Amino acid sequence: MKRRSRKSSETVLYGLDPLIIRDPYEIVYRHSYAQDSPFFAGLTKGKLLGSHCPKCRVTYATPRSHCYRCGGATKWRAIPKQGTIHTYTTCYYGGEAFLDETPFILVLVAFEGVETLFLSRLIGARPEEVRIGMEVAARFSSTPSFRVTDVWFEPKARP
Amino acid sequence: MPSIKTDPRVYMIAGGITPFKKRYDDKDFRLMVKEAYDMALAEVPRLTPDRIDGAVGSYFSDHFTRQLKAASMVQDYLGLCPKPSKRIEGGGATGGLCFQSAWEAVASGRMSVCVAFGFETMSRVNTWKGNEFIALASDTNFDFPVGGFYTGYYAMMVRRHMHEFGTTAEQMALVSVKNHANALYNPFAQKPRRLTVQEVRSSLMVADPLTMLDICTMSDGAAVCILADEKSAERFGRDPIAITGVGSGSDTMRMADRPHGKVPLLPHERAADYRHLKYPGVHSFRGGRMAAKLAYEMAGITRPLEELDFIELHDAYTSSEIQTYEDLGLCKYGEGGKFVEDGHPFLSNVDYGLKLANPGTLPVNPSGGLLACGHPVGATGLMQAVFAYWQLQGSIKKHMKKETLQVWNAKRGLIHSHAGTGTYITVTVMEKP
Amino acid sequence: MPSIKTDPRVYMIAGGITPFKKRYDDKDFRLMVKEAYDMALAEVPRLTPDRIDGAVGSYFSDHFTRQLKAASMVQDYLGLCPKPSKRIEGGGATGGLCFQSAWEAVASGRMSVCVAFGFETMSRVNTWKGNEFIALASDTNFDFPVGGFYTGYYAMMVRRHMHEFGTTAEQMALVSVKNHANALYNPFAQKPRRLTVQEVRSSLMVADPLTMLDICTMSDGAAVCILADEKSAERFGRDPIAITGVGSGSDTMRMADRPHGKVPLLPHERAADYRHLKYPGVHSFRGGRMAAKLAYEMAGITRPLEELDFIELHDAYTSSEIQTYEDLGLCKYGEGGKFVEDGHPFLSNVDYGLKLANPGTLPVNPSGGLLACGHPVGATGLMQAVFAYWQLQGSIKKHMKKETLQVWNAKRGLIHSHAGTGTYITVTVMEKP
Amino acid sequence: MKRRSRKSSETVLYGLDPLIIRDPYEIVYRHSYAQDSPFFAGLTKGKLLGSHCPKCRVTYATPRSHCYRCGGATKWRAIPKQGTIHTYTTCYYGGEAFLDETPFILVLVAFEGVETLFLSRLIGARPEEVRIGMEVAARFSSTPSFRVTDVWFEPKARP
């Protein structure tokens, strides 16, 4: 019968009155992208896959395997790799996981013939250059991380 | 939707709050709620514990609380076992949803007296980890990994609002000036402060155009409301306030998915007002409009600007206060910036160091709102109810020591609670009976 | 407590479930709920989406879901935005509380038609991490660090039950035999299995006296119930079932804090029955008794054993099924072991390989219960409602292909949901109108 | 403008169809024992502090700074260091954090004159020796971890 784990005897104290301790917690998930898997697989092949509802004739930029209008199943459909900035911001702070990446630019991208938008990062532009309506093009990672960050946008090359 | 039914009426008969603070190291969430609860009970000395039928609790996340099923520890600590209980959650709107759940418990005839309690302890992690938790309440496949940060999301929303309607960052700053100044007279507020538009704009930029002073802070705190049916309100309440309208709404988790359609009109609006507006896009909160529409219908409100005496709304960002003026129909969509610029939501008797054309038309966030009171998520919506309760009782002076924030002759108020990018929103109307 | 009010009546008009499985890798929680929702909608073709007033969602923990504010993603996925919505949580009783919240939404007159949806995805972590999450729903200062493990807590509870009343591990094993065998006829069940008492006792010991076959498993799954007021039930329902009693209760988070007092009596009990019993101690669930008492009062039940035709109860452990017989007043406190030994909760038409004196007096968990169906926490309490709904409709054969589990001429059933060591418990009575 | 963190490019894949990734998450809490601090400080001094309600004349073994009967504030009061086993179990499995400590014995200890119980581990007894009513004595760690496991119980020494 062991009494208690060794780990617990290494408690770090932050304060005595009141008593404050360091208390870490870690979880490792086995996370499935489930029905959205084709989208993430698509990114590794340089494809931006949205969802199309044949009944409502609506295309969703960010995939959803069911249509929120009619409730029917959607089909995968590639969306354009070029679009325009619907809105944007530059983040100078962020959640802890992203603090070391600041500043970064977030954009919601609109696509011709597509009802909804796509959230992504804009690379290759300075904050003061960004404009609503600006044309942007998708870029894909050659070393995929199987995250949505495998795609990002850059200003469309000037002709 | 059923035909509107306001009988049996539900009343708020007592309220209590802790001051909201950056950190309560010496009190855990149970004790914070207990203090708010004792404050509420002190208002209704005839209400003995055996007369309480049950409770509804609220807090936002297991992550902040470091404890799962934490609401049952509060139920326990308040001595409310073995009475009925449950926890309500809906992101930032958690407290407002909890209040409406207590209303449902009473209106359904299931309980005569129901306690609504809410709390959050956000100080057990650092601010940026806290921001990360909140961002985990956005889509963790599509939104969080991109740089999940709610201030960034709201910055994008208001950027589009500026584009559509010409709203300015200075108009947003006016909201900050107003709410921080109002809080100077509210001893429960976390961040009272006299500010200028210039100071708001020149404070640290967090996500363009939102600066540190456009954004509410994280807090520890608790709030409690006691609701009762008519008979119990008469029996136990000293100055009960009626809850005459409850409404709530929702929207897609991802901003990217917001549709473009027509504006759901309030009675005083016309389709022609919005002929060219694609709605809600990312610039407006469809859930807020839905919540207002339902609450106004139940309360019989057709001209909100004229028929309301004050509003406590969810100003997690200065921008969302402006957007919410429009959702609530205080002005037309697109006119929110001008609404604050003209002074309408300011208090007429507070000196903000500003020249305002029409101060005090309809005071919004006389308490100081989330911007200046703080935002311990599960408590926030209930705190608004407590402030509204005091306003309608005319007891601001009693509770705040000063009467500066008392809206004179307040007969009807509105409280509004809101979750990330408008995914859950509640609107509740309270009235002097 | 208000005088009992059963008008306006609330009805369940449709239900849907996914099969419960160890793992759905190919479906996330949104899609699982969508499938259950579509199954429910298929039952009520006249119910168009515009007739749905709102929803209530349930899941247990942010930890399992790896997503905060996850219920709003389901609301979105079901196409229910911008309608009202909120999430209900209460540990293992989450689903039961969600069902009762939907009841409140309708009974309060706020909604005519309300969707209750629940889900859990427990397969994204390993079983022992999952057990750790569940243990984080015990007091993280005083209980979790000692070796936090709910099976250990329940083992201590039943150890005391055995000490007080002479309950045996073999009686507990009979519950396992019964529920696993019932599930052989339920295609939605995760772990149907023909067992003997000997096999249950000789399976892996987890926490003495509870073996692996005394304990329910973790699951992925979803369930949906649609509730409506009388008018909408008539209009949209094909075979609606009335909800005639709702009750719930609670108890202290820490087992160590459970008081020793008197048994709250049901109408058919007398104080003399329990002259020497210290109650609840750790051997009984005071919250379950409270829930039963309130639900029976509302439904007008005074002799539960005679007036109920079947029960679906929260058998997370074989021991808690026995303890719950007593809380529900099916037998006196202390007689739960004998109640199952005598065969009362078995189905009379299923061959369990046992000689039973009185099989089928009041079938308990004809579906197979949590032990054999699985326990995706937020869905479980709603799954019970769906099974009860089918029983009362007489539609078991239609949904399960076989009619073995159909309780003949079932007019009134009870469902019961339960959170860790009895901290939240719900009892709901459903009836053929 | 950095594109994305290095961390994300190290994604571990568990499956392709559907796409399943390893997704770890860690939190470090600065946990305060708040009003219960004296109990944990007491353990480091070999004291078992419970709560006493002067109005109800009830002593709680596990501390609670307010009485659940009358709602009033309680006072700290040392409880006996010896008690009896109210109930017990041996855990052969457990939550992940405790798997490497199995098997371990959990006991709820009752104390003379004290209304409520105390959850702890029993050390120094074999599972088959444990009985309801068995006398046990508290033992305290000399290298405290500032956790409730700084106290445990052992069978009372035979005279």
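The chains carry the letters A, B, C and D, assigned in the order they are written, with residues numbered from 1 in each.
We adopt the following convention: a contact is a pair of C-beta atoms (placed from the backbone, for glycine too) under 8 Å apart; a residue touches a chain by one contact, two chains touch by 3 or more.
Everything quoted here is computed from the prediction, not taken from an experiment.
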item	value
Any chain that touches chain D and chain B	A, C
Higher-contact pair (C-beta pairs counted), A-C versus C-D	C-D
Inter-centroid spacing, chain C versus chain B (mean Cα positions, whole Å)	35
Chain centre separation in whole Å, for chain B relative to chain A (CA means)	29
Residues within chain B bordering two or more other chains	25-26, 63, 66, 76, 81, 126, 129, 133-134, 145, 252, 254, 257
Touching two or more other chains - residue numbers and ranges from chain A	8, 15, 18, 20, 23, 25, 27-36, 64, 68, 97-98, 101, 104, 121, 147, 149
Topology of the chain contact graph, where touching chains are joined (line, ring, star, complete, other)	complete
Residue ranges of chain A in contact with chain B within the complex	15, 18, 20, 23, 25, 33, 36, 60-62, 64, 68, 86-99, 101, 104, 106-108, 115-121, 127, 132, 147-149
Residue ranges of chain B in contact with chain D within the complex	24-28, 31, 34, 38, 41, 49, 63, 66, 76-79, 81, 123-126, 129, 145
Chain D contact footprint on chain A (complex, rising order)	1-5, 8-11, 13-35, 37, 40-41, 97-98, 100-101, 103-105, 121-125, 141, 143, 145-147, 149, 152
Interface residues, chain C side, partner chain D - complex	25-26, 66, 126, 128-129, 131-135, 141-149, 151-153, 155-157, 159-160, 163, 204-210, 252, 254-260, 282
Touching residues (chain side chain D, partner chain B) in the complex	8, 27-36, 64-71
